Amino acid sequence: MKAIISIELYKIFRRPRTYIAFGAIAALIMVIQLGLKMDGHSYASFLMKDINDTLTVDGKVLNGYLICYILLQLLLVHVPLLVALIAADMISGEANLGTLRLLFTTPYSRTQLVMGKFIAASIYTIVLLIWLAFLALFVSMWIFGTDDLFLLKSNYVVLIQEKDVLWRYVGAFVFASFALLTVTSLGFLMSSIANNSIGPIVGTMSAIVFFTILSTLNIPLFAAIKPYLFTTHMNNWKEFFDIKVNENNEAIYGTILNVAKIKTSIIVLTLHIILFVTASVIITKRKDILS
Amino acid sequence: MSVIQVNGLSKHFGALKAVDQLDFSVTEGEVFGFLGQNGSGKSTTIRMLLSLIHPTSGSIELFGKPLNKYRDEILEEVGAIIERPDLYPYLTAKEHLQLFAKLRNKHVGENSIQDTLVKVGLADRSKDKVQTFSLGMKQRLGIAIALLHNPSLIILDEPTNGLDPQGISDIRNLIKQLAQQEGKTVLVSSHLLSEIEQMATQIMIIHKGKKVADGPIQKLLDPNKMIVHIKTTNDAQTLQIILSGSFSNYLLQRTDGIYLRLPDYEIPLLNASLVNAGVGLIGVETRNSLEDYFLQVTSNTIA
Amino acid sequence: MKKIIKYSIAFLLVIICNTVHAQVDPLIEKVSQKLALVNDYVAEGIMKTDVSFIKASLGKVKVYFKKPNLLKVKKEGGISLLPKGGVSVTINSLLNTKQYIALPAGTQEYKGKTLRVIKLVPTDEKLDWVISTLWIDPSDALVYKTFTTTKENGSYEITMEYGEFANLGLPSKIIFAFNTKDYKLPNGITLEFGDEDAAAKQKALKNKKGTIEITYRNYVINKGVPNNMF
């Protein structure tokens, strides 16, 4: 299995297409960082207009931690599309190239080959996430400095002490890895069905958009299925940045408001990953390789 | 020993019977020619032998073991090139071999990789990306991948596709060497019947998914039964004479002229009967090639 | 006729104001004298923010004061939230200007004490407050509560508790209370979608008061504070 994973990784990182995602993330992040560095105060003022009517906020609000949060909010909607570019190409891309039949005549079972490909695609996803984390968090910290994290949510504000922030980002990125691996496994499943890459890539993106709409619309008709949709859970990395308060409305250092929500989301996402990958293996085992 | 043993092999794609009750065996050390028209079921059969396609019914044994139970073990000893040589355009020739060497349980070292590249004539292009290769070069690389791990059974589907005459000759000699000197078993399918005729010891012809002929080439191309092509001044009268006489059984259903398959001693008798009937003979051509045999069996004529 | 009545009332008010101004309330004077002992101070404290839509933890702060009315609250590292304009309306800033008329307004019971209620009306238009009510304990000339209406930043209620620095009129705890405006950011900005509880949460957070409380741990008094701290 190690041999399969190593050659799949080799193939992934030898393809020029792989680096599109890394470049796109770097470009997006740098543009946003540049914009916020040049004119971030206007943006912050706009966000804080309700607060500024009543309170004076003193300190470095627009610091690296807040910038990273803004970046993650924006990018964790778009990064799944970049993940799908590779994941949805893993099997169908080889079928289209014609190399799938070469692979499937080697002395490895189809299960081993499919699992090896999935693990390689997962490693790519994690490397992409680490790249995102490095640029979004550490480069932002370097450019904008650090301070408390002043988070403006839709209905309330959370002020997290500086020392209490970094571990939350570690947790959020670990959570994001589950979310992105769900996308990887979905793309992989689509890839196992088709013989070309366009269909699975578009199919994966369409599925994410479709289910995201179902997850975000507050329509009673969809309320029953929402808890089971992976898109409902993908954004719950934000729960790492909500804090418990005591009876005196004091935020409690080192706490997360709704740990159960995070746990539930991780379980749901993991189940989706298992389901999609298992389906990929079954489909690939049963199909005739005609390409 | 039978390296390949196929019994009652069938593959249906819906209502289409791509392969229908195929039985054949390939003995160790043979060069087995696998012939058929486009769409006859050759590639489907080869893919079933390599477990790329699941048979609808029947059994396949390679090296005396059922393929469906010992697949991984069996494929370690099989090298194959299937149809066109599809490769990774962004990798070099050497990188391809290094990659596929890792997918073998047998250790394949750098020396083996280099030797294989030399064998197929790609040693000086080993560091070039495949996207710069011609079809013929890709074909050579595909063959190199098939031979890399020193397999006992080599399955080559159209191996001379895209090669120039020198390349075709090289591959032919390579196949002969693999069988005669290295004791390998080779199953070759090709449209170039003349090439198969030169290298195969045994052939099988399939037509519309069914076997229509198999056996040693020498036996099938019976020198005692020649194919005679008669050119006359009056083909209609000639046909009438043949059909009304004792030669009717030898007549072949061909649209490109009057062909008979008959023992060589009957030829002068045929000539005499035509001349006596006043038919002007332009020429009598005798042939005993595989192509003729192939065309004969695939046009549903009794051999 | 109406014009004559209006002018007469205004004339009377001016007379009254001037008369009252000429008579400075002795209790206010007592308070001012106590405060005059402090030219500047640096105080360490713990700040607690209690606003319905804000989740914040306790934070260490340093409070800098310099006569007559310079005041700065600085969080030691981190972001601080202070009532807009409210911090500046402390007793020092109110009384040190001397630009007010003090109007007695009776007494009131407050936490077991009988406090005198005095209203201050500024005489200088440039001051940013409109009227301020003080609750003062006549026995120790300590101000326990103020309620100040500012020109631009709403009204603030400040309550004070005293401890070891009571003799200098410096509180051990000060609580700023103020009305909070509704807080809401569109989901399209925060990218928070699909929250079924949003409407309920929003309702719960509306129209609440907020408080910011500073508990002082020690004061360093009259050791000098540079102007650049403010």
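Some notes on this structure:
For clarity, chains are labelled A, B and C in written order, and residue numbers in each chain start from 1.
The criterion applied here is as follows: a contact is a pair of C-beta atoms (placed from the backbone, for glycine too) under 8 Å apart; a residue touches a chain by one contact, two chains touch by 3 or more.
This is a predicted model, so every value here is computed, not measured.
Because contacts link the chains only in sequence, without closing, their graph is best described as a line. With centres taken as mean CA coordinates, the chain nearest to the overall protein centre is A. Averaged C-alpha coordinates give centres for subunit B and subunit C that are 100 Å from one another. Distance between subunit A and subunit C, defined via averaged C-alpha coordinates, is recorded as 48 Å. With centres defined as mean CA coordinates, subunit B is found 52 Å away from subunit A. In subunit B, no residue touches two or more other chains. Residues 48-59, 73-75, 77-85, 87, 154, 178-187, 189-196, 198, 201-202, 205, 210 of subunit C are the ones touching subunit A in the complex. Those residues of subunit B lying in contact with subunit A across their complex are 47, 50-54, 71-76, 78, 80, 82-84, 86-91, 95, 99-100, 102-105, 145. Looking at the complex, you find that subunit A touches subunit B at residues 3-4, 6-7, 10-11, 14-16, 97-99, 101-109, 286, 288-290. On the subunit A side of its complex with subunit C, the touching residues are 47, 50-61, 73-74, 77, 147-148, 150, 152-162, 215-218, 223, 226, 232, 235, 238, 242-243, 245, 248-253.
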